[in-house]
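You will see chain A twice below: alongside chain B first, and alongside chain C after that.
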Partner chain A sequence: MTRNDAISQLLTAMADDSLIQGHRNSEWTGLGPIMEEDIAFSSMAQDKIGHAWALYRTLHENLGGTDPDRFAFLRGEKEYKCCHFVEMPNGEYDFSLMRHFLFDHAEAIRWEQLQQSSFEPLVPLARKLKGEIKYHTLHANAWITQLCRAGEESYARMQSALNTCFPLALGIFEPNPEAEQLLTAEKVYAGEAALRAQWMDRIYNILAVAGLNLPDENEVTPVYGGRKGYHTEYLQPLLDEMGYVFRLDPEAVW
Partner chain B sequence: MTITEDKIYKALEQVMDPEIPVLNVLDLGMITAVRIGENDTVLIKMIPTFSACPAVELIRNNIRATVEKELGASVTVEIDKEAHWNSNRMAESAKEKLKNFGIAPPQIHNGEAYSEILMHTACPHCNSENTYLRSPFGSTLCRAIHYCRECGHVFEHFKPLE
Partner chain C sequence: MYGGGYIFDEPNKRQLNEEQLHDDPEKLGEFEARIARGEKIEPGDWMPSEYRRQLIRLIEQHAHSEIIGALPEGTWITRAPGFKRKLALIAKVQDEIGHGQLLYNAAETLGKSREAMINDLLSGKSKYSNVFNYPAETWADVTVIGFLIDAAAIVNQVANAKGSYGPYCRALERICYEESFHLKQGHDAFIELATGTPAQRAMVQDALNRWWQPIMHFFGPPDKNSVHSEKLMQWKVKMASNDDMRNQFLDAYVPKIWDLGLSLPDENLKKDPATGKWAYSDPDWDLFKKVINGGGPCNKERLDVRKWAEEHGRWVRKALMNPTEKTTAPVA
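Coming up: the complex of A and B.
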């Protein structure tokens, strides 16, 4: 494996997470519980898909990847490297909010780190996206905190959503030993274990204020497989829907 | 007609943001470089406000078409990958225009937490700071929604961005 192969693996996983999470966010459009939330999830969908696009462009322009649109829409299921967490259906609002909270803090930490990357094309992108994602975490923190103070049922649902989401969220940091060894040696990024430790610290502090109990990370089994191309039964139907219009005429000019 | 940088900037003043039609691309700080090359070819470099801004290609085409029409030159517009937009790039005069349009302008920020600076955004209608953030997301990616306790208006805010 070359340095560029390892970088491509990292960026593909990040971009696919962002694309699929963006698609899930967009499924709230028109269905949000209140208008502001409908708008928030729709805006975050737009951001996430934009971030995925920027990464697919980097793969295309700097690492010899294929055309961003074709790469986003025409791959087979096994070629996607997203984690299972983002594939899961939206479920109820508690699940969607908790996923948004856990996922966006992980993204925020990843982009903060990448500002120091030795892979130069990522540096300006990291500076830009870090600022945008702050609004996502601001939104998530506000709702998590408020819903935990909104009565017994609301609190119980948030705790239960956290318990459900946590092992899935650990899948964001699925190790990729061969690539990581290269990438950390080359100072492209700090590696998944380091990001995960930072993420645990950050979410712990916010969850503590909300009064939620973070499950013990040694007591749960992280849900891995996505980074290797093994997916849940939910990804293929999502890909079918997401790429439906594109596949009607991949050569169309918009 | 001799092409000068002044004339290019003059032409750029006519290119308005499609989502905020009172601001032009210079007001917003979207232009990072203007160069005149051989045979009076013009190169303009620009940066989008938000990375997922859907209007980027439209703005880029508008810049090219307007400058070509005004100066009769061949114009290339590139996305500048070195620079990145932040809300401190917005001109002071632009903030006044934005406020008169009914949108609270972005506060100057120095990388501090957004939650602090978003707390008491001045209402563009009555100037009161007795307001609160209703949602960090609004009708476009660059806007947040606030509520003014003083005059009872819901108002939009151009978000500060690092």
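Coming up: the complex of A and C.
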């Protein structure tokens, strides 16, 4: 594996996470519990899909990848490298909110780190995206804290959503030993274990303020597989839907 | 987006007489003089009860149209082809929900709460624009909606923005600005199909054929059938007649469609060069009434989506109303 292969693997996983999470966020359009949340999830969907697009363009322009639209809309299921966490259906607002909280903090930390990356095309992108994701985490923090202080039902729902989401969220940091060894040695990024440790610290502090109990990370089995191309039964239908019009005629301009 | 398909409330005669008896004639005179001078009426100002009632209905119906109007196109967000179209469509639908929010706020200044308005929407008591009760069958429908229905809505909203009620006019100014951007996006996507492959052209022609009648319905019944709009025009609640708006729309957009070599399913559609008026076949106005009253292809589906959102979001709204500790520090 070359350095560029390893970078491509990292960027594909990140981009696929953003794309699928953005797709899920966009499914809240018209369904939010209040209009303001409808708007917030639409707004985050645009950011996430925009981030995925920027990463696919980086792959295309710097690493010999294919056209971003074709890459995003035409691959087979196994070629996607997103984690299972983002594939899960939106469920109720509690699951979606908790996923948004856990996922966005993980992204924030990753992009903060990438500001120091030795892979130069990522540096300006990291600066720009960090600023956008900041608002996503502020939004998640405010809602989690507020709902945890608003009575028994919403508190119980938040705790239960956290218990469901946590093993899935650990899947964001699924190890890829061969690539990681290369990438950390080359100072492209810090590696999954280091990001996960930072993420645990950060979410722990916010969850503690909200009064939620973070499950013991040594007691749960992380949900891995996505980075190797093994997916949940929810991904294929999502991909069929996402590519539905594009596949009618991939050569046409839409 | 929204059109003049609004059916002004037919007031209960007895109730209206009762209310008018309580409207101080001196104040009414001063109110009408202010409107005639082009002044805006603001929330705390005196206004006749009939003016308040009709405005609440108008703005509320407009607000509902925005959030229901987000649904037919919203179903295509997850299927939109390519990053450019997908991002534009999400942004557009998000704007529509935002317009709903602005308009509910404007209506609230007249004394009806957002919750009460949503309840009336769900119970079927208050209406929304008829056009959203039709399905968006293909991607081409999204481009027809974005181009032509947004264009039609702009004709109506630009007129209403010159009305007499301050909060509504200010909301409309911002809305029109965003809608004109939607129109550009819609036009761009429409042109792409119209100048694309034979299959894409066929797709957009098919969408035009299906949407033409709902678009003709969009501005509401012909003037000869509309009643009691004189007072509403004097009060600058209703700003232009349905037929005038329809003519303005046809004049601006039919040539654009024909220029692309597309056709419209009405053999009688043509402009009289002498009068500048467009002739057209009367759309089926019985169908219009039937759809408004719940008999359209998607009325149930649209309301079912809103009901899902209401039911599944109830615990969130309940929690927001019931904080044991308030977060007062700004989040950003």
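What we mean here is this: the second predicted complex is superposed on the first by the 253 of 254 C-alpha atoms of A that agree within 3 Å, B and C clash if a C-alpha of one lies under 4 Å from a C-alpha of the other, contacts with A are read in each partner's own complex, and residues count from 1 in each chain.
In this text, contacts are C-beta pairs under 8 Å (C-beta built on N, C-alpha and C of every residue); 3 or more make two chains touch, one makes a residue touch a chain.
It should be emphasised that the depicted structure is a prediction, and the values quoted were computed from it without experimental measurement.
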Quiz item: Looking at chain A, does chain B or chain C touch a larger number of its residues?
Solution: C
Quiz item: Which partner does A:51 contact after superposing on A: first (chain B), second (chain C), both, neither?
Solution: first
Quiz item: Now for A:23: first (chain B), second (chain C), both, or neither, which partner does it touch?
Solution: second
Quiz item: With the two structures laid over each other on chain A, which partner does A:202 touch: chain B (first), chain C (second), both, or neither?
Solution: neither
Practice problem: Scan A:43 for contacts with chain B and chain C and give back first, second, both or neither. | Solution: both
Quiz item: So, A:131: does it touch chain B (first), chain C (second), both, or neither?
Solution: first
Practice problem: Determine, under the contact definition given at the top, whether A:153 touches first (chain B), second (chain C), both, or neither. | Solution: second
Practice problem: Classify the contacts of A:139 with the two partner chains as first (chain B alone), second (chain C alone), both, or neither. | Solution: both
Exercise. Would you mind listing the overlap between the chain B footprint and the chain C footprint on chain A?
Key: 36-37, 39, 42-43, 46, 49-50, 53, 135, 138-139, 141
Quiz prompt | Residues on chain C engaged by chain A in the complex (per definition of touch) | solution = 67, 70-71, 74, 77-83, 85-87, 90-91, 93-94, 97-98, 100-101, 104, 139, 189, 192-193, 196-197, 199-200, 305, 308-309, 312-320, 322-325, 327, 331-332
Quiz item: Hey, which residues of chain B end up touching chain A in the complex?
Solution: 50-54, 81-86, 113-115, 118, 134-139, 141, 144-145, 159, 161-162
Quiz item: Can you list the chain A residues touching chain B in their complex?
Solution: 36-37, 39-40, 42-44, 46-51, 53-54, 121, 124-125, 127-132, 134-135, 138-139, 141
Quiz prompt | Touching residues (chain side chain A, partner chain C) in the complex | solution = 23, 26-27, 29-39, 42-43, 45-46, 49-50, 53, 68-69, 72-73, 92-93, 135, 138-139, 141-142, 145-147, 149-151, 153-154, 157, 238, 241-242, 244-246, 248-249, 252-254
